[in-house]
Amino acid sequence: MAAGKHEQEIEVRGHLIDSMILTRIFDHVMDLKGDFQVLEFTVGKKKKDPSYARLLVRGKDEEHLERIIEAVYREGAQPVSVQEAMLVPASSDCVMPDDFYSTTNNPTQVFYAGQWIQVQNMMMDKCIVVDTRSKTAECKMIRDLKKGDMIVVGERGVKITPQERPREGVDIFQFMSSSSSSERPTQHIARKVADDIYNTKKQGGKIIVVSGPVLVHSGASEALARLIRMGYIDGLLAGNAIAVHDVENALLGTSLGMHVRDGTLAVRGHRNHMQAINEVFKAGGLRAMVEKKILKSGVMYECIKNDVPFVLAGSIRDDGPIPDVVTDVVEAQRRYKKVLKGARMVLMFSTMLHSIAVGNMLPSSVKVVAVDISQPVVTKLVDRGTAQAVGIVTDVGAFLPIVADHLEKMARHRQ
Amino acid sequence: MAAGKHEQEIEVRGHLIDSMILTRIFDHVMDLKGDFQVLEFTVGKKKKDPSYARLLVRGKDEEHLERIIEAVYREGAQPVSVQEAMLVPASSDCVMPDDFYSTTNNPTQVFYAGQWIQVQNMMMDKCIVVDTRSKTAECKMIRDLKKGDMIVVGERGVKITPQERPREGVDIFQFMSSSSSSERPTQHIARKVADDIYNTKKQGGKIIVVSGPVLVHSGASEALARLIRMGYIDGLLAGNAIAVHDVENALLGTSLGMHVRDGTLAVRGHRNHMQAINEVFKAGGLRAMVEKKILKSGVMYECIKNDVPFVLAGSIRDDGPIPDVVTDVVEAQRRYKKVLKGARMVLMFSTMLHSIAVGNMLPSSVKVVAVDISQPVVTKLVDRGTAQAVGIVTDVGAFLPIVADHLEKMARHRQ
Amino acid sequence: MAAGKHEQEIEVRGHLIDSMILTRIFDHVMDLKGDFQVLEFTVGKKKKDPSYARLLVRGKDEEHLERIIEAVYREGAQPVSVQEAMLVPASSDCVMPDDFYSTTNNPTQVFYAGQWIQVQNMMMDKCIVVDTRSKTAECKMIRDLKKGDMIVVGERGVKITPQERPREGVDIFQFMSSSSSSERPTQHIARKVADDIYNTKKQGGKIIVVSGPVLVHSGASEALARLIRMGYIDGLLAGNAIAVHDVENALLGTSLGMHVRDGTLAVRGHRNHMQAINEVFKAGGLRAMVEKKILKSGVMYECIKNDVPFVLAGSIRDDGPIPDVVTDVVEAQRRYKKVLKGARMVLMFSTMLHSIAVGNMLPSSVKVVAVDISQPVVTKLVDRGTAQAVGIVTDVGAFLPIVADHLEKMARHRQ
Amino acid sequence: MAAGKHEQEIEVRGHLIDSMILTRIFDHVMDLKGDFQVLEFTVGKKKKDPSYARLLVRGKDEEHLERIIEAVYREGAQPVSVQEAMLVPASSDCVMPDDFYSTTNNPTQVFYAGQWIQVQNMMMDKCIVVDTRSKTAECKMIRDLKKGDMIVVGERGVKITPQERPREGVDIFQFMSSSSSSERPTQHIARKVADDIYNTKKQGGKIIVVSGPVLVHSGASEALARLIRMGYIDGLLAGNAIAVHDVENALLGTSLGMHVRDGTLAVRGHRNHMQAINEVFKAGGLRAMVEKKILKSGVMYECIKNDVPFVLAGSIRDDGPIPDVVTDVVEAQRRYKKVLKGARMVLMFSTMLHSIAVGNMLPSSVKVVAVDISQPVVTKLVDRGTAQAVGIVTDVGAFLPIVADHLEKMARHRQ
């Protein structure tokens, strides 16, 4: 009889089997040593039909049941009778209530004042602030919280729509099925990525590039400059190093003193890096360098010429950093998010730091392609970042030129 | 006859053969397609005697000779007749003169007003500012330059003392001969590192730790806490993540939701990370948490209790970041340098970002031990950081406890 | 009506949701652009109940249907009405019929002469030979096929039991959930592996070690020697290198000329490797060395003293190889398989070559623990070898001594 | 006075400083705690002049002196008065005398019967057998030794010519200065390697390829097929896997069931690998497949069609292996060496096993280019193999097609 009290009816809809939602719900209950009974289960008769399940979940005591319920809610399950989300005001700036609801990066709704409200600006590991007057809700970083902000606590009244596995498409995401591998036909994959860029753009999608400095050393920055010139890139998120190397390359033909053209070392080349930084300070910044016609090529030049917004986030290892770098990291995060707003696709090249940062800011619906020569880096990006990411283990110096060439070829053919 | 004009006599002293100084000088001349003649060469007769060489270096034209001369000066060579260093004032804040002298991380002297002045605060890739009144000189970051600062230009009047290879010692640095390897007896190396820590400390040397968050996941943070408690560590340089994980571990027993004790996943553990951050904000910072007895164990607790200074540098991927983090990276660099001042030994654990940052701030005389499970990371640290670094490719979670155990054993034996 | 002809009713039983069997069946049908209808689906009411599904699968034509059917059979599905397996005799030695059934490493049954026969000696990527008189079946390597062997062709009459996910256990396999990670508490995992070894042995399970030569360099061979002495190891599968290094260590205290005790280099140590090989030839083999009391310690010594069978498989990079090495790789494979027969657990240390070889020889029910410092190696082992493998990214030189110490401690406590 | 007895005069000639020979000699004496005095030192006055040094080396006792002398002989030093090499007959087949001289991979001479004899067939870690009648000497593997073979013992009468560092060239070896890096302009390096292949071939040099199976997965085997067709390759050394994948690709368009054209998975593709093996057995071997026009494209096809010798060495992880594989590894080593005889350049693609095997068989004068996506693999190849190797960390699937394209372009331009 006591047991009877610690149980709850939940329901869930969608591609329960195909997208493994039911598997994960069963997993959670069993991992937590709970119990369940399937009360109703209708599987989609045909392959596109959604399924429906109604389960009775049982815990050892109320707290145990709570835990199980919290876990299965995260997979998209809901109590059969909807409950209002609980709100608690922030007691001071930058402080969440103890039992704050911690977000995932999946589309999320909050049941408030008798209706489901879509949460704006979805990111993972944040809290949800509800504007009780306008009946809107948004994800907020802890540093942006104001005293009195109404914050969702507990797990009730929050509904998640887990990302369903893509099925009937033909893009790189179906193709790679979210795994990363160095044992794939590189040239074909490069063309496939080019196709995805082309199609995303054609449908009006916004494409953002995140890149590390290896792009310049490996000779691939010229290819990125071409992508920007062709109009495929809508924003660049990076750090101080890529900008400095790019300027060094544009002014002196070297990257950290190595001629990018042929890999030989320049005489007194160790100075080139610092000289490039000095030139930026002398001009007063990258934009000024372009206006004064000092900077006439490269990735940063193309961004400025083509009005592609860029944000350079500072880091502890920066040389300089140049005046264009946002040295306060919290401010840099805000600017990154602004550029990412509405992005459909993010390309990440050879940078773990900036890629993981961006991964944390993205809703699960944004397509992510991460390219790096190190398999552990790609794996970590995919693990941490977002499950939807596709990792490509290759040499960006050989890979990106193939992508750019293919896009140029397509442009010619389709003219 | 024209050729006769483009030549210069240079001299160099020290362990020219043993430390490969002469080899590198010959290399530079030949790489630059210059020519040379050995005018005088006295090799140390016995193994500890310094050698002396006087060479005539020849270039195709004056500019060519200049280039060669610049290159060989970097190896410690000097013109036979000493020349004064040339100084040019900074035209505005944060701007160096065009031909600024770019530093190495080796001990450096400037010949000014008839005397050799030791450059303070040596770091690589900076410029040298001479205080003409006090006759002192120091390395300065570009962001710290003031208009009117007198900056060394060209290569004349600057003398470098290249790091000689250690020979007659018994520490890990002789032992490993600067290479990194995963094919070494791990347990012995751990004890060797413990011996070096012990001996450095005994001689009054300052030891700084640079660490990434893997330390907490891998269960090694308890060992670092012991090292701090035993008094071996004089400073901690890190980022937001290690502090957050450490607090999460102290408060909730988990790191990113995984129980550090046994590696199992905590229920609703995804929240723990954000909850730890929230607790720090609620208390107002780490120190306040310790004072209020909320934080009672871990690496950050031991730092605060034992008055070990720490600097947490912000990065674009920070969650939070907590109030203790220095979010402006230029300010964080200044604080890192302050803690590093006078360090004899730096231990780097599983963080490429902070390790390379610190490597750039260190003179070549500071001993560096870098521990990471990834060989490319260790290689890059050694390549970039400083030639004197020793890289150990191992699992810090298994390695650091052996170091701490050995130090404890030594403490007991020597009581 | 035409469509009506290209369809088939199939059924499947087991933990369809929990072990994702149904997900994979749906996947296959959709990947192949087929169609399906769920005719009947009873989900296990409680968590341990098996589920049952009956589906109507449809293809565009007969060949298309065949392809789909083949794919779903691999997941354990069966036609509603059982059919006899088709057998075709081998036309000559070492040649399979064109449409041979290619095995998985899952338990497999063949429906022959009106009954289900269990296939013996399961391995992946082999064919199944049925002895029509004795009504037995076994997996055979292509090189072992004899003319006239009756070989299963097509996919009919073959039933697979996919490995179900372990659930209610407490060993390392539930704990790690088949993933590999370098971000786990190393010391705890080492103790967990020790517990598994202890429990496997206690239940009478056979434990085999596969190891590369890094074990000796990293100082871990002493720990393996202890495991053997304690009676935990029932077989060693390796190559020439580990034996040679182990002998070099036992005779001269070095591994490739490096003192294993302290990592320093021995004088004239480059000879030690070849000298060890020469000593083995001189004695006539490892066993003779033990009998003549030349070899008195180490891994090979303990194997011989404790009657633990070992097989050293030759490879193209062998120095020597010593007389004990099986230089013919096909013969070495046969001997490996003999030692592996009936194994419950396989421990793989730092060798991709031998580990993948062994992975291919194991049925999916054998537990595999793979330890390596390189994450890509561990990932590849897990991907190729067998889904049931657990990968541990750590330094075997630090890891294995913890395992051995823990087993010794357990032995003392339980006396 | 006692000390006086334990000393010896040695001399050495060559680019002592430039090629660091003297540095290494000093190193050895000091590492062994010996003492030395420089009696005479004439440094080459101009950059191409050889230097000469005469040293008095001192040990604590005769054995200590012996050790030092042995070490410095390995660097090319010689006693001032030449001594005959000592020979001892092998006491039985496959057994060397105890004090056998263990070879390096440098050009080596033996002073026998009053003359310096060049040792043929130089490889490292072997012994030297002198034919006392014909006054010839050669390197021999231990398994090839016959009872009575006259084998050099001790270090006397053996002279090594250490590899001097390349200086005035323009090929990839000067360019890369023996280091490996992933931070180089990939496309340029690919063209540079193409130039070296072109020039080596033009000068009549023999080029051998060593390759792993990744070549096929990554889509690069088509590029290797082109290189063979153009006549650039004189031999292929590999294992079973590349041949099987190549046949699978030629017959079915897949590699391990993945379409090489576009990376998608083939239906029932898991069988393709075994089917390819079966087809080779059915035909009786690769050559028979070509003759019967079953195999009509790919790497193996081009080898056979263009009379390029190939050796497939067996390994423990082989599936099959196909009839063409040399399953005995000692026999495979002999055949590898035969193909390598007289090679000028060896290209190694994505295989640690075969690359290290080949590295051990090569004299130090053969140029080696090793391409792999994993930096540790490249580093290990360079460390173990041969100091002259250049490592390129890149994706062979993107790299090799650039090399092949560039060679084709050169062919067109130079027609």
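Some points to look at:
Labels A, B, C and D are assigned to the chains in the order they are written; within every chain, residues are numbered from 1.
By definition in this document, a contact is a pair of C-beta atoms (placed from the backbone, for glycine too) under 8 Å apart; a residue touches a chain by one contact, two chains touch by 3 or more.
Remember, it's a predicted structure, so these values are computed and weren't measured experimentally.
In this structure subunit A contacts its sequence twin subunit B using mostly the same residue numbers, the overlap exceeding half.
Superposition of subunit B on subunit D using C-alpha atoms only gives a rotation of 180 degrees, nearest 5. On a Cα centroid basis, the chain most remote from subunit A in this structure is D. Distance between chain centres (mean CA atoms), subunit A to subunit C: 37 Å. Separating the CA-averaged centres of subunit A and subunit B is a span of 33 Å. Subunit B and subunit C have centres, each the mean of its CA atoms, that are 46 Å apart.
Residue positions of subunit A with contacts to 2 or more other chains are 182, 376. Residues of subunit B that touch subunit A in their complex: 32, 67, 70-71, 94-96, 98, 100, 102, 125-127, 142-143, 239, 265, 267-268, 270-271, 273-275, 277-278, 281-282, 313-321, 323, 327-333, 336, 353-354, 356-357, 360, 374, 376. Those residues of subunit D that touch subunit B in the complex are listed here as 17-18, 20, 22-23, 26-27, 29-30, 35-38, 41, 43-47, 167, 182, 375-376, 379. On subunit D, the positions that touch subunit A within their shared complex are 175-176, 182-190, 192, 214, 217-220, 258, 260-264, 373, 393-395, 397-399, 401-402.
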